[in-house]
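Shared between the two complexes below is chain A, which pairs with chain B and chain C, respectively.
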Partner chain A sequence: MKKAIRTLLATSILAVSVQAAADTKVGFIYVGPKSDYGYNYAQDQGRLYLEEHMDDVETVHFENIPENADVQRVMERMVRSGVEVVFPTSYGYLDHALKVAEKYPEVHFAHSGGLKTSDNLMTYFAEIDQAMYLSGVAAGLTTKTNKLGFIAAHPIPQVLRNINAFTRGAQSVNPEVTTSVIWTSNWSDPTKEAEAAEALISDGADVLTGHVDSPINYVQVAERRGVYSVGYHADASQFAPEGWLVGAVWNWGPMMVDIVKSAEDGTWKSEHLRGDLLTGAAKLSDFGSAVSDEDQQTVLDRQEAIMNEEFQVWAGPVIAQDGTVLVEEGDVMTLEETEKMDFLVNGVKGRLK
Partner chain B sequence: MESFVTELLTLLFAALRSATPVLAVVLGEAMTQRSGVINLGVEGQMLLGAMTGFAVASISGDPWLGVLAACGAGIALSMVHAILVLGCRANQIASGVAVLILGGGLSAYYGIPFVGNKIDTLGNLNHTFVSDIPLLGQFLGPITPTVLITLLAIPAISIFLFRTRTGLRWRSTGESQEITRNLGHSPVPYQLAAIAFGGLMSGFAGAALAVDYTANWVEGMTAGRGLVAVGLVIVARWNPWYALPAALLFGASEALNLKLQSWGVPISPYLLATLPYLIPLSVLMLSYRGLRASGGGMPAGLRVVFQSAR
Partner chain C sequence: MTITTQPAVRFGLRLLRGPTGAVLIMAATFVLAALTFFAINGRESISLFQEMVMGAFGDGYSFSETLVKTAPILLTALAVALPARLGLISVGGEGQLYLGALFGTGAVLAAVDQPGWLLMPLMLMGAMAGGALWGVIPGLLKTRLGVNETISTLLLNYVGVLLVSFVVHGPWKNPNSLGWPATIEFPQGAILPQFFDTRVHMGLIFGVVAAIMLHILVTRSRWGLGLQVSRSNPRVGATAGISYERNVLIVMAIGGLLAGLAGIAEASVIQNRLQDGLASGYGMTGFLVAWLAGQHFLRIIPLSVLMGGLLASADSLQLYAQLPKASADILQALLFIIVLAVASLWPNRPKA
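Showing the complex of A and B:
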């Protein structure tokens, strides 16, 4: 019922707000609040960038739209009220977006993070695991206990990529390092995240990071307990003036501008558009004062190597938790393989299922 | 041996931390039910308390003002239940659910501008005499004020309920409104106070989460803890003293779930996540064997709630 009212409200506000415009209308749909200081916040920063950098674009957006038939209704209303480019930004919107896209072939859809396309539906994402790898390097150089803690929501490929990339980055400078993972089974449960952080710290972890909706909770606990933290999704350095190392953050704006421009001038391609450190869609945040100049340089040199393609995060050997060699030395995992990742690497403590 | 003791104490204090917000709600709801009223809306009251507390702490810069505001918000929302139940004689279950949804919606809507704000916390016992106590100091030091206040509420409530005249009438109202009326008192003031007290405690529990524990506001951040507390009232047999072990049981299971994962114990995290529900449920079933005839301490007046719901 609550959802139904929300959708109704959302759609009726939409109908009013779009009527006045004459330019390209772009619609955004978020699964959570845009002010979550995490995933949705980052997507919404992209929307604001789009408005700022394209004079002929007007945007509308909806928050808290669940990943069910509700999102189809929101998309349909958007399209009927004149939206020409739709950004369904949540992973679970993909199949719903494909259905609506089939119904409205003249409208363009850009889905975030999916691995399916149709004639008028493309996907966009960024290899933020590169930035997580670099954060891992910083963590590996900083840790004194050689124990890192990772607070994770659900064992989906995007999360596993980040756990593994972070661990591999740390191992590359400090082979002794292990990463303990705690699953919270929820994208957003602040109490559990805080308690998970406490549990990891009391077991000796002295650098915490995570992949939950917002980094604020574990970053604040780490600061209170006097250990280091690495952020994810958004820069949370203000919550940890002492212990902030660095973080992996999104920068969707430029990519969204490219997508909307391609829809306007007819160069639209039905593809999997992937940004990375080089395109700037995934970035390393600023370093905190806890990282020495020398260590910062080590991380930046590695970043340089990734951007020059001298070094690849998923180059073999990639070794699973049980010691099985998954990727031989000399081989590199493909985009498809990394986006379907279903394993934890050697050095990670924790269970998948 | 010493490391074992340390681990055990770590777990115990983690349990206490996790249990505190739940304990506050259990105490409040037990008092409400002791007057013959059930309020399923405590989760909504917690959320509104959490959001209001965080917002006020964020605007005023004073977290204690936030705690006070949270208590006020909890009471205010509980008055919706009071008006519906006492004023309009509405079905208590339906009214409670309405309050639950209302609290969730209001807090989500009005909380939006405060997400991602940074607030000052209430502090803890570090740098006081307790943090110098050998062995225990490292565990007592991080204890925060809401934990202490909630623990102190137990004897206070217990003295009020079992040692005062008002407490006696409160309880007799819960057993039979008829008796209270025959003694020349109206049950309404007692039930109104009971609902308000439940509102106060759940608003406070919201503040314990948002202002004290996480120093963060997120939509729906109570994640079902209010509803768990309503269930734990039965485990605690409507007794403020039993509320502590009942809430600790939940807190310990939650802490254990995370702790076992951190130790790398080879059990599925999905199974471990059921612990906070599985363990109290098992205790409930075991402890109620043989108690069924007496109702396990349920105020007799509560039966009316379910009869009228038919």
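Showing the complex of A and C:
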């Protein structure tokens, strides 16, 4: 009798798992609202792409989950409801995701932008600093005050790369340019972002950009105060019809499809998967009318040079704020070095907290 | 015409007029309000409500996560209920929780190489000292300067949260975290014991034991009687040798100490480190629970479990119905309003 029950149990478990295998459930966790026209919006666009391009995929998603241990419960609930691939999309989820991944070795985790992996946790990201460099070129050509403003959340490598790349891009066409940085210590704090934008403009900046979850706040302030803006994460040009120059945007969809497929067919690798301008995971948005055709061509030429690998964003000389030469002329920073970036370049005004 | 009522029915009616009836009406109204809220959002109310109940108590895992939320709510509710015995309205649980986490983490960082038998007590003592400090300060302000304790505890909450933010962005930031604002992970010796391979931890035991002890102390001891006298008439109390001022400091310190324990338990077991967003508003939820329980220590225990369940099961609202996370906050507010409204309308209202 006992044996019969056990067999029954085993077959029913098998039946359940076979049924689950028919449809891959994929779960997404966002730190903010998916309607932020920024980071979370871009990740959610990836999710929608995934649903559209893979018939056997079903997705669930959570918004506004803070970067604390609450996210562990959210991930466990997802896994317990049958989710087989989890996308914890915010930087601060990494350590929590590693813990949950250890507990559920049969589930796959793909973390956005982290620098740690485990057997069933990989990371995906893209070298969007290439697009930020190009946006910097547009900003350097446009600015009249030679002052750019950058609103930044946390002094982590991703953000430093963008500040530095943006500044170097602008300097490449306009050596007089400086970038002032204001930290908000939060991925999303609309009040602080708007205040920072006001302060930067009052200080003379006439092109604003940033690295916070949603570009809307500073883009709107810039538009109202009559200065230019460079977007980040997603195309926010509708919020600044006059002052929008260009922006660096994500295109996660194809990458997410690859990740989910690899989980399905067993080719999953515990790795740091990185895209760039060439793979299309990071892109330059459309130009706004504020950028002249000639300047647009300059930016596009530079883009082609990057895609042909004739030109590298992190080719020396890379000079720190205090004038120290960090990378000699002729050397190029490796991807690993850029992903651990802990400095600001010459021409950036602001401190690393 | 005369109506002859059976004794049983009469007994039932009397019961309904009393506190039991009030609680039943509260529960029914809340369920109705929640169902309406779901329906307004265009969801299948009943099944969604079922999902929520299952998400809170449906299986071992769900219940364990409910208990994880219960611990800090219970401790911060006690931190409100004890001062209330003296007629004080403290809303400082959140700040006391953060100060407990701050001082406890300070102890851990200072003695990080010490073995667990030394590190753990140091951490707990630090946490209790930090929480108690954030209780005593408003106590002193009240007794020495006559500053309203509700205002001072409320404002000190912000100071506590920002102090933690300051240290994790600055001096205590883990140098190997690539700029991410958080301390190092706590060493194994500084992680409070957990039960049954879940995240349920010692903090819950602290809370339950503290609730029972406080109940006995306040209802059975001379000191408890003294609190009652002090509350109703401090001058009469003074003639009997009961110092109102000293009692204010004692209840605020003990309350703060308990909230401080909640803070270090969150940092140690749940987050494994000190970081921003440590408490997700437990202090305020604790305040609600203390008031729902009529400041009764033993009633606080089951109510904390219920409230923990409500918060923990909010996930299912997103998972199954894609309702925004704020829905849980809305339900919590609905519950509070309904309880207060019913309590004030009911003839034999429960002491609240």
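Throughout what follows, the second predicted complex is superposed on the first by the 331 of 353 C-alpha atoms of A that agree within 3 Å, B and C clash if a C-alpha of one lies under 4 Å from a C-alpha of the other, contacts with A are read in each partner's own complex, and residues count from 1 in each chain.
The criterion applied here is as follows: a contact is a pair of C-beta atoms (placed from the backbone, for glycine too) under 8 Å apart; a residue touches a chain by one contact, two chains touch by 3 or more.
Keep in mind that this is a model prediction, so the values were computed, not measured.
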Partner chain in contact with A:S118 - chain B first, chain C second, else both or neither: neither
Contacts of A:S185 with chain B and chain C, given as first, second, both or neither: both
Which of chain B and chain C A:G92 touches, first, second, both or neither: second
Partner chain in contact with A:M78 - chain B first, chain C second, else both or neither: second
Which of chain B and chain C A:N64 touches, first, second, both or neither: both
Partner chain(s) touched by A:I156 [first = chain B, second = chain C, both, neither]: second
Overlap of chain C and chain B interfaces on chain A (superposed complexes): 33, 64, 185, 353
Residues of chain A defined as touching chain B within the complex: 1-2, 32-33, 35-37, 41, 64, 149, 180-183, 185-186, 188-196, 198-200, 202-203, 213-214, 216-217, 220, 224, 238-239, 349-351, 353
Touching residues (chain side chain C, partner chain A) in the complex: 55, 61, 65, 68, 165, 169-170, 178-181, 185, 199, 270-272, 275-278, 280, 312, 315-316, 318-319, 322, 324-326
Complex interface listing, chain B residues touching chain A: 10, 14, 17-18, 21, 101, 104-105, 108, 112-113, 115-116, 118, 121, 209-210, 213-216, 218-221, 223, 225, 254-255, 258-259, 261-264, 266-270, 273
Chain C-touching residues of chain A, taken from the complex the two chains share: 33, 60-70, 72-74, 76-78, 80-81, 91-92, 95, 115, 154-157, 159-160, 185, 340, 342, 352-353
